[in-house]
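Each of the two complexes below includes chain A, the first together with chain B, the second together with chain C.
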Partner chain A sequence: MTRIAGEKRVLVEACLLGQVLDTLASGHGEEFRVRLFDSGGQPRRFINIYVNGRDYRFLDKLDTVLHEGDVVALLPAVSGG
Partner chain B sequence: MARFNIPGFLDAEIEYYSRQIVLDSIGLSGQRKLKNAKVCVIGLGGLGSPIVIKLATMGVGHLRVVDRDIVAASNLQRQHLYGMEMLGYPKVEAAAMRVSGLNPHIEVEPIPMSVTPGNAEWIVNGMDVVVDGLDMMTPRYALNRACVKLDIPFVFGAAITNVGSTSTIVPRKTPCVECFQGGIDDDDLPTCAVAGVHPSILNIIASIQVSETVRLIMGRKPNLAGAIMYCDLEDLSFERIELARVSSCPVCGSNPTSEPVPLKNNSLEEICGRDGKRVFVFSPDEDLCIDLTSLNAKLELLNFHITVKAKFGTSFVKGALKGSVLSSGVTVIEGVNGPEVARRIRSEILSI
Partner chain C sequence: MIAARDRNLWRYYELLPILDKLSIVDIGTGFSTLHRCDNLAGLLGLKNIYVKDDTVNPTNSFKDRPSSVAISKAREFGVEAVGCPSTGNLAAAVAAHAAKAGLPCYVFVPGNTESNKILQAATYGANIVAVAGTYDEANRLAAQVAEERGWAFANINLRPYYVEGSKTIAFEVCEQLGWRAPDSIIVPLGSGALMLAIKRGFDQFMRLGLIEEKRIRLIGAQGEGCAPIVDAFKAGDEEITPIEHPDTVAKSLAIGDPGDGYYVLKAIRESGGTAESASDDEILDAIDLLASTEGVFSEPAGGVTIAVLQKLVASGVISEDEIIVCCVTGNGFKSADTLQGRLVFPAVIPPSLKAFQESHGGND
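Presenting the complex of A and B:
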């Protein structure tokens, strides 16, 4: 996804995690959106999403409230070996 | 007459490890810790191969190596424990032979089994560190749960195409695998048979895993305790993400909000095809202790052509069908139309 977006770190203004993802998707084109979201509009499971190091599935998912300085990390879930 | 006179070490061992004994981070006391360590490497594929080679040649005294597979030609591009002469051999057996040639001063304990929810605790019991060489999440979850329960550090690693990630789980101190990469269905992720894998990313991730394992053995804090390192070979970038423990994690949390999700029963799985053929793997929870002599006789009676008769398993062919049975009862059948045909053939071969 970095290769689609062309950057690894971006500054985003948002109150909720879902808004961050929508902003990223809107700003980096359809290919990025398709990679990030499934047909139901949910983040694909093979993308790990952390808010300050915590998996968003254990927080309030896309409704997780964010505060200034929070770090949202998107990492591919790698499983092979 | 002993040249070095170091208690507990042969001169040959001191000579062998001389290039790391001089390292401040290891030294003689560290070498002694390595010699006394028991490490389990689960999975002897793209990651497991370089991990085993490095841990063996660094002098880990006891290596328990676990894998259910046999050596195939497509493995040789990246699994450098094996050569052409080992095609068709159980990987644990080929690994043990190779390691004995690399370093005669250590013990190798081959376990030709799959990791299942039913046997993961048994497989890792008694080990100081468990190192991940698996290629699917379901057995990783089984392993993670066993390691958390038994308080054994687990060095997670994974790689595909040109990317990889690794993290070190110290039970009750760091997030576990299901804190940071839980709830994944293996069917949703690509396999290297489809997506490919560059040998260099495997070696990078494996090298980091070995470094973390050695730090654990030395009694030093692992660099990736509580963090995940993601590497992309394309631009040679390394991203370190700090992870946080989740109190509600059903596996390791201090305040779990649910039971751990039941893991898929992997006693019969269809895995990624080889040479365009469907491949089915049967994985018993327990070691069935198959009498290979009797098995080989039965196979010949049924007009299978045996291609490899090894100590830990047998490989065979019949027309388009290829298969192997390990002494534990793990059975791989490829080139049949579906699971029921595979099941029937297995029942016939094993008389069960």
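Presenting the complex of A and C:
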């Protein structure tokens, strides 16, 4: 995100996690959208998404409800050691 | 030409991603023993079982291989500090190589990591960050710290270089088998990076004409309480469903969200291989079996490999004649906390022949 959009942290207003991602994608250009979503509109496999430190797949995925002050983190999915 | 070189992983220097030999940070990793396990083979009704014994590396796990490459590259890049998230083995390996390179080191480990692994990394001088959570949470935090501080983490932002070190296991196995590949290889799976690196190693040797082209069966092994790759394989899924709360005695492999899982599934399927898991008891029994038949003392991650071998022999997946290599990736002392629970410490006897005969039976 830093390399394309030039920012590390962005403030977004939204109710659902999916809306946050859409807002980010709309606000930061096609190159960012393509990196974030695959052709089926799903977040790409190699991007991990966390809400307040919890993997979104253990919550309600893109339908996860967000509250004021929640932190959404997008990180490359690398693991193992 | 290769045969005459130093007996460590840097004998394959041309195939490793370092530009200048002066960057190499080496504490004597690799060219580990390939045991021919005739006792174990006899018990299982097989003819050709080999164990690639990476317990003997400088920090007693295969992680010395990727660490040697990653820290060498970090030195080449001129970074300020190195580190990694780890279930324990990588922490020790990175810490030791960082010490040799004179670089500060930060390792992120789950709070329940086995104490010997923490002792080891700390003694090499690493700053230990113990995280109240799973490996996956320690991994996430480490990724955020690496981004924030610009530090070079072996398995995060140095990952493309890191993974190249592990492929030397495949190179050595081929060289040690007399410049040929095995028919099958059983690899314990955490993130899955090791299996993909081993596959790449075989592929590269075939492309270079150092071994004959052949299809090698890749077999993945995990502990039942955290087997997201095995589960996906058995379900015929392409995507991995992550495990939120890993619960297996094979703590080295307790990675609920294996980053390389998708690619490992593809590789296993394309090779005609398989994936299987083993229970805690099966793993611990397998450690005892390997140690008492072949003299190799493995931690649970290696026990998983032997336990899965036994299961696949019983189910007819492994045939009598095939040349099969099992990867034993870490030394049993790493998991002393776990293994000691099974030991019934012998009663202490007075130092007399009579006392010995009373406790061990007479000789008449």
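The working rule: the second predicted complex is superposed on the first by the 78 of 81 C-alpha atoms of A that agree within 3 Å, B and C clash if a C-alpha of one lies under 4 Å from a C-alpha of the other, contacts with A are read in each partner's own complex, and residues count from 1 in each chain.
Definition applied: a contact is a pair of C-beta atoms (placed from the backbone, for glycine too) under 8 Å apart; a residue touches a chain by one contact, two chains touch by 3 or more.
All of these numbers come straight from a predicted model, not from anything done at the bench.
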Sticking to the clash and touch definitions up top, decide whether chain B and chain C on chain A clash or fit.
-> clash
Counting only touches as set out at the top, which of chain B and chain C does A:52 meet: first, second, both, neither?
-> first
Between chain B and chain C, more residues of chain A are touched by B
Taking the superposition as given, does A:77 touch the first partner, chain B, the second, chain C, both, or neither?
-> both
Re chain C stretches 19-27, 289-297 or 343-351: the one overlapping chain B is 19-27
Chain A residues touched by both chain B and chain C?
-> 8, 45-46, 48, 50, 53, 55, 57-58, 73, 75-81
Could you pull out which chain A residues touch chain C in their complex?
-> 8, 45-46, 48, 50, 53, 55, 57-58, 73, 75-81
Complex contacts: residues of chain C adjacent to chain A = 63, 84-87, 89-91, 135-137, 139-140, 143-144, 147, 154-156, 159, 190-193, 239, 241-242, 244, 255, 257-260, 262
In the complex, go through chain A and note every residue touching chain B.
-> 2-3, 8, 44-46, 48, 50, 52-55, 57-58, 73, 75-81
Chain A partner, complex, touching residues on chain B are 43, 45-48, 132-137, 140, 157-160, 163-165, 175, 179-186, 188-192, 195, 197, 202, 228, 230, 232, 234, 237, 239, 241-244, 246, 248-249
